Amino acid sequence: MVESQEIELQGHIIDSGIMTQLFDRVMDMGGNFEILVFDVGKKKTDTSYARLRVAASNKEKLHAILSELHRLGARPLEVRDVHLVPAEGDRIVPKGFYSTTNHQTRVKYEGGWIPVDAIEMDCTIVVNKPAKKAHCTPLSKLKKGDFVVVGEQGVNVSYPERPRESSTFEFMHGTVSPERPSETLIAKIAGEILEVRKQGGRIAIVGGPAIIHTGADKALAEIIHQGYIDVLFAGNALATHDIEYNLFGTSLGMDISTGKPVMGGHKHHLYAISEIMRAGSIRNAVEKGVIKGGIMYECVKKNIPFVLAGSIRDDGPLPDVITDVMAAQDAMREHIEGCSMVLMIATLLHSIAVGNCLPSNVKTVCVDINPSSLTKLMDRGSMQAIGIVSDAGTFLPLLAKQLEIQSCTAKK
Amino acid sequence: MVESQEIELQGHIIDSGIMTQLFDRVMDMGGNFEILVFDVGKKKTDTSYARLRVAASNKEKLHAILSELHRLGARPLEVRDVHLVPAEGDRIVPKGFYSTTNHQTRVKYEGGWIPVDAIEMDCTIVVNKPAKKAHCTPLSKLKKGDFVVVGEQGVNVSYPERPRESSTFEFMHGTVSPERPSETLIAKIAGEILEVRKQGGRIAIVGGPAIIHTGADKALAEIIHQGYIDVLFAGNALATHDIEYNLFGTSLGMDISTGKPVMGGHKHHLYAISEIMRAGSIRNAVEKGVIKGGIMYECVKKNIPFVLAGSIRDDGPLPDVITDVMAAQDAMREHIEGCSMVLMIATLLHSIAVGNCLPSNVKTVCVDINPSSLTKLMDRGSMQAIGIVSDAGTFLPLLAKQLEIQSCTAKK
Amino acid sequence: MVESQEIELQGHIIDSGIMTQLFDRVMDMGGNFEILVFDVGKKKTDTSYARLRVAASNKEKLHAILSELHRLGARPLEVRDVHLVPAEGDRIVPKGFYSTTNHQTRVKYEGGWIPVDAIEMDCTIVVNKPAKKAHCTPLSKLKKGDFVVVGEQGVNVSYPERPRESSTFEFMHGTVSPERPSETLIAKIAGEILEVRKQGGRIAIVGGPAIIHTGADKALAEIIHQGYIDVLFAGNALATHDIEYNLFGTSLGMDISTGKPVMGGHKHHLYAISEIMRAGSIRNAVEKGVIKGGIMYECVKKNIPFVLAGSIRDDGPLPDVITDVMAAQDAMREHIEGCSMVLMIATLLHSIAVGNCLPSNVKTVCVDINPSSLTKLMDRGSMQAIGIVSDAGTFLPLLAKQLEIQSCTAKK
Amino acid sequence: MVESQEIELQGHIIDSGIMTQLFDRVMDMGGNFEILVFDVGKKKTDTSYARLRVAASNKEKLHAILSELHRLGARPLEVRDVHLVPAEGDRIVPKGFYSTTNHQTRVKYEGGWIPVDAIEMDCTIVVNKPAKKAHCTPLSKLKKGDFVVVGEQGVNVSYPERPRESSTFEFMHGTVSPERPSETLIAKIAGEILEVRKQGGRIAIVGGPAIIHTGADKALAEIIHQGYIDVLFAGNALATHDIEYNLFGTSLGMDISTGKPVMGGHKHHLYAISEIMRAGSIRNAVEKGVIKGGIMYECVKKNIPFVLAGSIRDDGPLPDVITDVMAAQDAMREHIEGCSMVLMIATLLHSIAVGNCLPSNVKTVCVDINPSSLTKLMDRGSMQAIGIVSDAGTFLPLLAKQLEIQSCTAKK
C-alpha cells in the first residue's frame, strides 16, 4: 500500500538548488512526489514556497525519504515536540538518535523553538530541560543521563541558501583544479579576507610545517602581525620548525636561505624544543627574548590564541602541545566558535579535524599541493569552500602582498 | 692550517656502498682524504679494510666531516670512553648531545663496549652507570639527571652492510614507481613474509581505514587468522570501520558489497562505537559475541596485540584508543621491539610514527595509492624498504592469495 | 525592458535531473522563469512535461540563457528550419556557428527532422543539402563551402535521460576516490562488459604502456583472446613494449618476472622495432611467427583492428604507427563509431583523445593510479563514466578473473 | 675460468661519484675488481687516475660488466677503431649496435678521435666514412646502408664531472619535494638564467596550456619580451589558448580576470583557430594586427622560433602546428642544438619529448604541480636538473619578478 505525507519548504529553494536536490533525492530513493503548491519567487529578493506530497511503497521507505528531505530543510506541515531519550551510559547513543548536519538547526521543545548551539556534523543533540537549551554534543562528550533527541520529529534544519549575488566562494564551490588563474584567485581571497574583517568576522588559520619548509613563514608572520588572524590551529611540527628557524636559521636542519643542510642541523629541532622546555612555554620564551620573530612570536605578541594538538608522530613535543587528542579537540572547538572564515594551509590532518567541527556557513579556503587532499577537505560539507592546488611557499607571499595592496587601496 | 685525523673502516664497505658514500661526503663538505690502506675483499665472503687520513682547512670543518663519517661507521684508530653529561631538566638536552642514527650502535664505557638498546633515529643515548647499560632515549622520555652521551667519542655505529646476494628488498630499495610488475612484486613480498616467519621473525602491520573502505578487510583478517601478523598498529578509524562493517555491513555508511550508501548508514559508526562502549572494550565485545568477524575480531581471537593511537580528527573514540599521543608512542615502541618486518598499508600518519621508531635493519613494505606518501615513508632511513604504488583493495587480496599458494607449495 | 520566451521539455526530465539543471542555469545567469505547465510522471515509466516562460532583462541575456537551455534539450514551442551558412575557407567557422554537445542531436531541415551523424563535442554541424543528411564535423575536416549550422534554431538536443533502475554506471557517476571497494567494483564492471556483449554492443579499449610495465599484459591478451574487445587504441609505446616483452622477455629492458634490469636490455625496444621494420608490419611479424604471443599478437589473430597513434616522444616508431596525428584522429573516429563501451587504462593522452570523440551515451571505465588524470577524463561530459584509482597491474588480472568466473556462471 | 681485463679512468672521478658508481656496478653484476693504481687528486683542481683489473666468472659476464663501465667513461688501456656495420634497411639496427648515452662521446676512426654530433640517449652512431664525421642518429632517421657503430670498441664516453663548487643545480639534483623554500629556489633559478645569458648560452622553454589557464601567460610573455628565451616548444593547446585569450579575453571559454565561464565562450577556441586559418599563420596574424599581445605575439615580434608539435587530442589545429610527429621531432632537434638550459613548465608530453633529445650537460628546470610528472622527467638522465613542485600560475610571475630585480641589480 502506498504511504504518503505532505511536506513544505520555504526560502531561496530554487536559487540554492534545494528544490532540485529534493526532487533528485526522492527519485533516487524510489519514491514519488506530487507538487501541490509551487510559488516561485519572482524577484531576486523573493523567497519561494513549495508544498509536496511525497509517496513511497511502504512506511519504512517513506520514513527514509522524509529523513533525507529533512536534512534539506523540508518539514511536515505540523511540527510536534522533539522526542528525548536519556543516554544509558557515557558515549552510548540511544537507538534512533538524531545525527546532526552542519547546518543551523533548531528544535521544538515545550511548544517553542530553541536553537542548537555549536552545531557541527555527525553529533547528537542534547536538550537541557530546565534551562530549555539544546547543545550539539559529540559522542566523546555524551554523558549518562543526557537527554538526547531521537528521530527527526521536532528538528528543523536551515539548509544554507545560496545568495544570488555570486561571491568568490560561490563560483569556485566544489571544484578543485590546478588549472585556475592563480593570481586572480589569490587577489579574490585577499578581498574576501578584508570583507570578513570589515564586517567584524573572526578568521582562523590551520597550518602545516610545509609553511616553514617552503619559506612561507615570513609571509604568515606578517599576515598575523597585520591582524588578519584570530586563532591558529597547528601541531607540534609547525611550532617547532618555526622556533627552530628563528633560533638557528634552519628548518629540519636545512638552511632556508640557501636550501642546503647545515652542519649538525639535524639536532636543531631537539635543541629548539629543549630551549622552550627550559623557558617553560612558548609565551615565556618570547617574553624572555629567547624567540625574537616568526609565527609563534607574532601570535604571542598579538595575543592570538593558538591550539597545538599532539599527534603520534611528534618529537618532543613542545610543552604547549596538548598531547591528549580529546582535550585538543575541546580546545579547538572552543576557539572555532564564532569564526566566519578558516584558511587551511598545507595540512590534511589538522584541516580535517577543524573542518569536522565547522558549521556549514563558515567560509573555508584550502590550499594544498596535492589535489587529493583538497578533494577530501572539500567533501566535508562546507557550502562555501575554495580549494586551491598550490604550494604554501608561493601562495602565502602572494596573499600577503595582495592584502597589503588591497588594504592600502581600501584606506584611500 | 690544515688539520687531519686518521680513521678506519671494516666490513663489506665496498659492496654496501659505504666507501663510496664516505668519499662523497668528504668531498661534499670541502675536505680531502688520502688512502693509507685499502684492502679490498677478494671473495664474496671477505670483508674489506680501509684506513684514511681525512683533512680539512680547520678544526671545526674536520670535526664536522668526522661527525658525518662516524654515522657511516668510520672510527678513529683509538677509541676513548663516551663523554656523559647529566640532563639539566626533563626534556632538555645537554649542549652537543649525540643524536642517534637508526643503525645498530654501541658505546664504550669504562673500557668496555655496551650495546645501545632500542635504537631509533634522532634520539639521545642515556647511560645507566651502575647497570652499565645504554638506552636510546627519545626527547619525550629524557629525565632530569639522566646521563646523556655528548659528542661522538666512544660511540660506534654499525652501518648496515648490503648482502651480496640480492633479495627483493635490495633490488627494490629506494625506488617508488607505479610502473612496476605488480603481481611479480606481490609474489616476492609473500615469499619474504614466509622467509621471515621461517626464521622466527616477528611481523607488524600498520593499517589505515582505506583497508575497510576498499573491501580489503576480509583479506587482512585472513592474513591475521593464518598467523602472519604479530602486532597491529592503527587508529580509531580502522577499528571503528572494521567493527561497523561487522555489525552493520557498512563502512562509513556505505554497503561494501554494493558500494552504495545505506539508509541511516551515516549513524552506523557512532552506533558501532556505542556498542563497544557498552561492552567496555573490543575484547569484551568479541568475547560476548557482539563482534563476530573482521580484523579486530581475529586479533582478539589470535591474541594479537593492537595499539590504537588517537588522533585529533577522531570521532568517539573507541574505549581501546589511547588518546594521549605520548602514551600511544610508548605502547607502539614496546611492541615494535623485536619486529623484523613491518607492512605499512594505506596510512601516512601511523606509518611515519612507526617508521620513526624502527632500527634500520627492519624490512618495511609500504603500500599507498599516492606516490608522494611513499616517498615520505621511504625517506625515513630504512635500508630495506619497498614502496608500492597500489590500492589496498587489490593489493591485500592478491597478497593473501600468494601467501596461501606459496605456503602450500612450501609444505609439499 | 524584460524579454521572454516560452520553451518546453519532455521526457524523464525529473529523474534525469534535467529540470533541476534548467532551474539552476536560469538562476545562475540572472534570468527568471515562470512554470506554466508541469506534469510530473506518476509512474516510473511515465515521462514528464514542462512548459516555462523564461525571462531576462534584455534580448542578449535571454538569448544566452536559451542557448544554455537548448543544450539541456529545451526547445521553443515552434521550431523553424536550421540556418545554414557556407564556410568561407577550410577550417574557418562562420560567425555564430552552432557548437555541438556530445548528446544525440537532430536538425530541422526543409520541414523534417534529420539526425546528426557521428555526434561528438565541440564540432560544427554540416548539412549536405542534396542528400538531406547532417554530419558532425570537427574543425579539422571543415571544407570551404560546407553548409554549417549557425545558431540554435532548428537544432534539437536529446539530453540523456537517466534510467530509473540504477546500474553500476549510475551509482558511480562523477565520483573518483581511491577509497572504494575495489573487488566489488571490478566484479560489477565485468558484469557490465558481459551485459554489453549480450546485447551485441561493441567494446573498445584504450591502453598505455604501464599495462606492460606492471605485468598486466597477459591479462589483457587473455581478455582480447576471449573476445571481449572490438578495437584497440594505443600508441607506439604499448605496442613496442608488448612486442619487446614477447621477443626478449623484457619491458623497457626490465625482466618482468624478476623486476630487474637485464644486461643490454636498454637496446631491446630498438631491436623490437627493427624486427617489425624487417617484417614490414605487426601483422606480417605475427604471420611469419616472429611474434608468438601478447596483446598485439591476439589482436592480429582475432582480427581486432588497432589504431596506433604517433606522439612526439616516440622512439622508432613501429611501421604501423600513424605519425600524422590528424590521420590518426580520423582512424580513431572511424573505429569508435558504434562502440557502446570504452575501457581506458593507464593513459591520459590517448584516453582524452578518444573521449573527445565519444557521444555521451557511451559507457566509459577509466582506470588510473593518478586521481587527477581520472578527474580530467571524467570531466569530458560522458554521462556514464566510472573512474577507478588503481594500477593496471592489479586491476586487469582481477578483471580477467571476474570475466572468467561470471561468464562460466552465466553459461550454466 | 675467471676472465679479466684492465681498464682506466681519469678526471674528477671521485668528486663526481664516478669511482663509487664503478665499484657498485661491478659488485651488483657479480664481478670483482683489484685496484692497481689509485692516484687521488690532492687539490680541488687536480684530477684523479685509477687503473683496475675487472674480473668475472666467464667472458659474457665480463663483457656485460665492461659494457656498463664503458658508460661511466672507463676505457681499456689500448683502444682500437670502432667496428662499423651497414644498416640492412631503413630503421633496422645491426645486431649488437652501440646504443648511445646522453654524455659527450667520441669514436676512434682510422686512428683518430672524432666527436659524435648531436648526442642524445638511446640512439645509434652513424659514421660518415668519407667525411670522417660521426653523427648520433635516432632509429627514425637510420637509412639503409648507413655505417652504424657496433659494440663499445673505439667509443669513448665523457661521463659528466661534477664541479666542486656547487651550483643550484648540484644541490638540488635528483630530488623532488614540495617541501622546499620556494622563493629562495626561484631566486636561484633567476640567477642561473642570468648567468647562462651572461655566458652567451641559449635558453629554451617547453610549456603547456596550464600556463594560460593559471594566468601565467603575461609573465611568460614578459620573460620572452625581455629576451631570456631563444626557442619555444609547445603544442596546439598553448598557442590556441594564448591566442584565444588575446582575441577574446578567455582561456577555454573562461574569463581569466574573473575565473568565470563566459557566455558562448566554449566556441572561442574554434574562433581563434579560424582567425589564424584566415590569416594563414600566426606570424601573418601578428603582422596584420589580428593578435596584439601574448606569448605567441612576443615570439613573432622578437623573432623567437617556435615549434608547435601536434598531438592526437588536438582540436583544429592551428596552421602552424606540425601534425606529423616525426617531422615535429626533427624540428625540435634542430632548435635544441646549442641550448644550454631548458625550462619545462607544466607539460609532461612535450617535456619528455624534448628531454629525450638533450645531451646530459644541458641544465633543465622542471616545474609541475604533480610530483610524479617531475619524477618521470628527472629520470631522463640529465645531470643538472631541478624539479620544482609548484603551479605555473605562481611560479612564472615570481620568476619574472626575480629576473627583473636581479637584472637591475646586476646593471648597477
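Read from first to last, the chains carry the letters A, B, C and D; within each, the first residue is number 1.
We adopt the following convention: a contact is a pair of C-beta atoms (placed from the backbone, for glycine too) under 8 Å apart; a residue touches a chain by one contact, two chains touch by 3 or more.
Remember, it's a predicted structure, so these values are computed and weren't measured experimentally.
Of all chains, D has its CA centroid at the greatest distance from the CA centroid of subunit A.
Should one ask which of C-D and A-C has more C-beta pairs in contact, the pair is C-D.
Distance between subunit A and subunit C, defined via averaged C-alpha coordinates, is recorded as 38 Å.
Averaging Cα coordinates per chain places subunit A and subunit B 34 Å apart. Between subunit C and subunit D, the centres computed from C-alpha atoms are 34 Å apart. Touching of two or more other chains is recorded for residues 178, 370, 372 of subunit A.
Across the complex, subunit C is touched by residues 171-172, 178-186, 188, 209-210, 213-216, 254, 256-260, 369-370, 389-395, 397-398 of subunit B.
Interface residues of subunit A facing subunit C in the complex, by the touch rule stated above, are 14-15, 17, 19-21, 23-24, 27, 32-35, 38, 40, 42, 164, 176-178, 371-372, 375.
Listing the residues of subunit D that touch subunit C in their complex gives 29, 64, 67, 88-93, 97, 99, 122, 124, 138-140, 263-264, 266-267, 270-271, 273-274, 277-278, 309-317, 319, 323-326, 328-329, 332, 349-350, 352-353, 356, 370, 372.
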